[in-house]
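Encoded as structure tokens, here's the structure I'll be asking about.
For clarity, chains are labelled A, B, C and D in written order, and residue numbers in each chain start from 1.
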Amino acid sequence: MIKVKQKPKLKNPILVEGLPGVGNIGRVAVGYMIAELEAKEFAQLYSKHFFPFVMLHDDYEIRLLKNHFYYWKAKKKGQRDIIFLTGDCQSLSPYGHYEIAEKILDFVKGLGVKEVITIGGLATGELEEEPHTMGSVTSKKILKKYKKYKIDFNVGEKVGYIVGAAGLLLGIGKEKGMEGICLLGETSGFPIVTDPKSAEKVLDELTKMLGIKLDMSRLEKRVKEMEKFIKKVEDLQKKALTQISKEEKAPVKGKEQLRYIG
Amino acid sequence: MIKVKQKPKLKNPILVEGLPGVGNIGRVAVGYMIAELEAKEFAQLYSKHFFPFVMLHDDYEIRLLKNHFYYWKAKKKGQRDIIFLTGDCQSLSPYGHYEIAEKILDFVKGLGVKEVITIGGLATGELEEEPHTMGSVTSKKILKKYKKYKIDFNVGEKVGYIVGAAGLLLGIGKEKGMEGICLLGETSGFPIVTDPKSAEKVLDELTKMLGIKLDMSRLEKRVKEMEKFIKKVEDLQKKALTQISKEEKAPVKGKEQLRYIG
Amino acid sequence: MIKVKQKPKLKNPILVEGLPGVGNIGRVAVGYMIAELEAKEFAQLYSKHFFPFVMLHDDYEIRLLKNHFYYWKAKKKGQRDIIFLTGDCQSLSPYGHYEIAEKILDFVKGLGVKEVITIGGLATGELEEEPHTMGSVTSKKILKKYKKYKIDFNVGEKVGYIVGAAGLLLGIGKEKGMEGICLLGETSGFPIVTDPKSAEKVLDELTKMLGIKLDMSRLEKRVKEMEKFIKKVEDLQKKALTQISKEEKAPVKGKEQLRYIG
Amino acid sequence: MIKVKQKPKLKNPILVEGLPGVGNIGRVAVGYMIAELEAKEFAQLYSKHFFPFVMLHDDYEIRLLKNHFYYWKAKKKGQRDIIFLTGDCQSLSPYGHYEIAEKILDFVKGLGVKEVITIGGLATGELEEEPHTMGSVTSKKILKKYKKYKIDFNVGEKVGYIVGAAGLLLGIGKEKGMEGICLLGETSGFPIVTDPKSAEKVLDELTKMLGIKLDMSRLEKRVKEMEKFIKKVEDLQKKALTQISKEEKAPVKGKEQLRYIG
């Protein structure tokens, strides 16, 4: 379900996605851009494929889990209109990933999007002194376009696949006539930790690609603010998954065992 | 998906369901009636909620898992037209049980069915010397109608619920204006075994309720034939569920863990 | 599937939800109000996302798992028309929670509902001598409206999220233009126990908020009646989930492992 | 979702399916035929029932998981037009198998297909010196047609069922008026290994059945090429399933435990 507050008029906009994931690289990078550029929220998405709970903000306010769309208009030459996508979470179920990606792409296509940048993390299993920004693209054309940036395009050697929105928005996007690139920040990938260092590296290239100069001095502060919230959602999701399993002593193995016994 | 070969003209028909379940009481009882009465198959149902495999009959012939509808026309006074429902399996998923029951009921309602008899097994955990036939109904009216038979209506004390088709066809049926009764044959309920003794007990009452006399002398032989086939389907379902889990050494716990990592 | 017996004409009604959950606070509180106020049932909901079994009432009568809608008309000034929602269970699957909440909200919106009160339990892990009633709201406006009551609005500190109907009816409700409050009674949260003490505390505030005086002297008796039934459903759900897993010795881990092996 | 590049005009075409599975017999046999015959790709299928990730080809290029349709036109008498179906994967969920099979069959029926050949592997649990090619059919008519080939039709004795596309395309196909045969190459079935020896045996009979002569000399080389890719997808699927389960220390047992706790 996408709820549009106000449909912006945009000129050849590019979609930049950063949802929670490994190291929360995308979430942090896009969150920082939205804040610094003062991008405007214009639409929200919620889905039956998200966790079935609401969160409490400021201790008392109920909020549905959501993804948010923001737009920002080009200020000068070399820049272009941008739609940012970020949010609380991704799909809980495998096929929900496909359904939500389809919905997002159909929506932004209607706003004129023909190019997509997605941002994710690449778990290396090691603490990276100098995290690289890896890249993968929908076609050689895009590879050429972006090869002048400090992006390592040998992702395939390291990981071979991209799960969830960061991957499917490009994979399904291509089916809908959109091209794009996925930027993956190297990160340790330990039990889900926000990695601002890797996010900054990704932001360095992303802002250059978009012709935008960002003051990075507030990143640390902003990450701390965001991290608190991101961690909260992660914790709640884990808690939600485990709470019942502790309460029930019975060897529950799953609903699929609830077959006919009548 | 229900595929109708030939739509029979029936007068106030009653639906008698016997699908695989605890002790396979329903499957055996209805299977025997179909064979002895030479009821005619007129429709088949298959569903995406069944196990995703086909079976091999006579070693080489491929058959989709199915439920089958048969009809039998009343031969004399005191009898009524009957639609029998039996088959290979029930739903694999919980919500599939609801979807299939809705489909079945809408179909038989279109054929004039206003009353439903379902047959199941009640696992007692003990070997029963004299298995009782338990009963539960959709209303007091039906209780009165059938209380003259040797049916023990204190099911609630023993089990409290009826899972799958035997329960939902009556529960949802009532929502659609149908009344009915569920006959449950007591059976040990050990690792799914066909219990012809309990099935025969249920048949004794069922045939009386329907005004039909059946020669029970062939039951043993028929059960042996059916049992071979029923056991095969059960084994295949178990095999299908376990095969992969043995092959994979990885601690796979379920698709729901496949959340975003990109 | 919502089945309407009789569509009541209500004046600016408020929805008060109390379905089974932690401590069954909501179920008990709303159940008691319905009984004491002699509210009238006017609609029922059943869903393919519920457990696929029927229950046996009074030992012999088959009943589908359901949620029930009741209405009560204001008797004097300071009161308002109320729609109560209670029932046997909530969704078995995560996305079912969203689907059912959407269905409920669309239905009551059609009856004029603009405000929603949901009631749940907050598991503290400790036996509470003096259980607090916690509160969370859809907006500051509602916070102001209800801050004069003995409701602790620092829920976020203690739990951070509300799972299932109590949360989603408010979260999704807000998307549909409804405001509301969730009252959470503190309770130990041990293996699912009905907590009448906490429910009474919630009822104290709830009745004040609704301008209703209730004789609480029958609560204990009513809770005992309800508890027997609530416990039965809980036990059946657990039993349904575990029964098969005991029967099958094979290391069944879930249907998701049933991938292609042909 | 089936995306047609170019709808070929075919004369009484036969569908030959070879998707990944036990021993990857079908995948290898059909992949080799496509390469040697230079069959033309004309349509692609992707599905929300596939794993929710994209793969990286050539280290940098993003590709959605897909199934592919190719056609080849008869060159001389005794041959017929062929539609080949192969691809990266099959459904992740049980009911996805049914949905995808239905979609494929409706699509090829529209292209005139009345006969289907599916190819799979039969896990024997032993290293086969001389792997047999087993066969099962939709009817006696087809059995007669193909009994002159070296196909062992006593499959039922050995396995009893065929899971996934190889089975359902024939089982559901029959419901849609198509006949067909499933060729199963005997293979050890150890933790999913590509078995070119068994695939070659199947190809021997398959090419005879289709009146085609293939130069088998390149099979070894081609299999090595394909194997690298097939293994990659398998590894990614396993990795995707296990990665999160390692990261989370909490005893997550499945989404079905995420029931109401609010």
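Here is the rule we go by: a contact is a pair of C-beta atoms (placed from the backbone, for glycine too) under 8 Å apart; a residue touches a chain by one contact, two chains touch by 3 or more.
Note that the structure is predicted; figures quoted are calculated from it, not measured.
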item	value
Homomeric contact chain B-chain C: same or different residue positions, threshold half	different
Chain A onto chain D, rotation angle from CA fit, given as a multiple of 5 degrees	90
Centroid-based (C-alpha) most distant chain relative to chain D	C
Cα-centroid distance, chain A relative to chain C, in whole angstrom	34
Interchain centroid distance [CA atoms averaged], chain A/chain B, Å	48
Residue list for chain C, restricted to those that touch at least two other chains	51-53, 91-94, 97, 123, 162-164, 167, 182, 240, 243, 248, 252-256, 258-259, 261-262
In the complex with chain A, residue positions of chain D that touch it	1, 3, 46-64, 92-93, 96, 232, 235-236, 239-240, 243, 247-259, 261-262
Complex interface listing, chain C residues touching chain A	51-53, 91-95, 97-99, 102, 123, 135-140, 143, 153-157, 159-164, 167-168, 170-172, 174-175, 182, 189-192, 238, 240-246, 248, 252-255
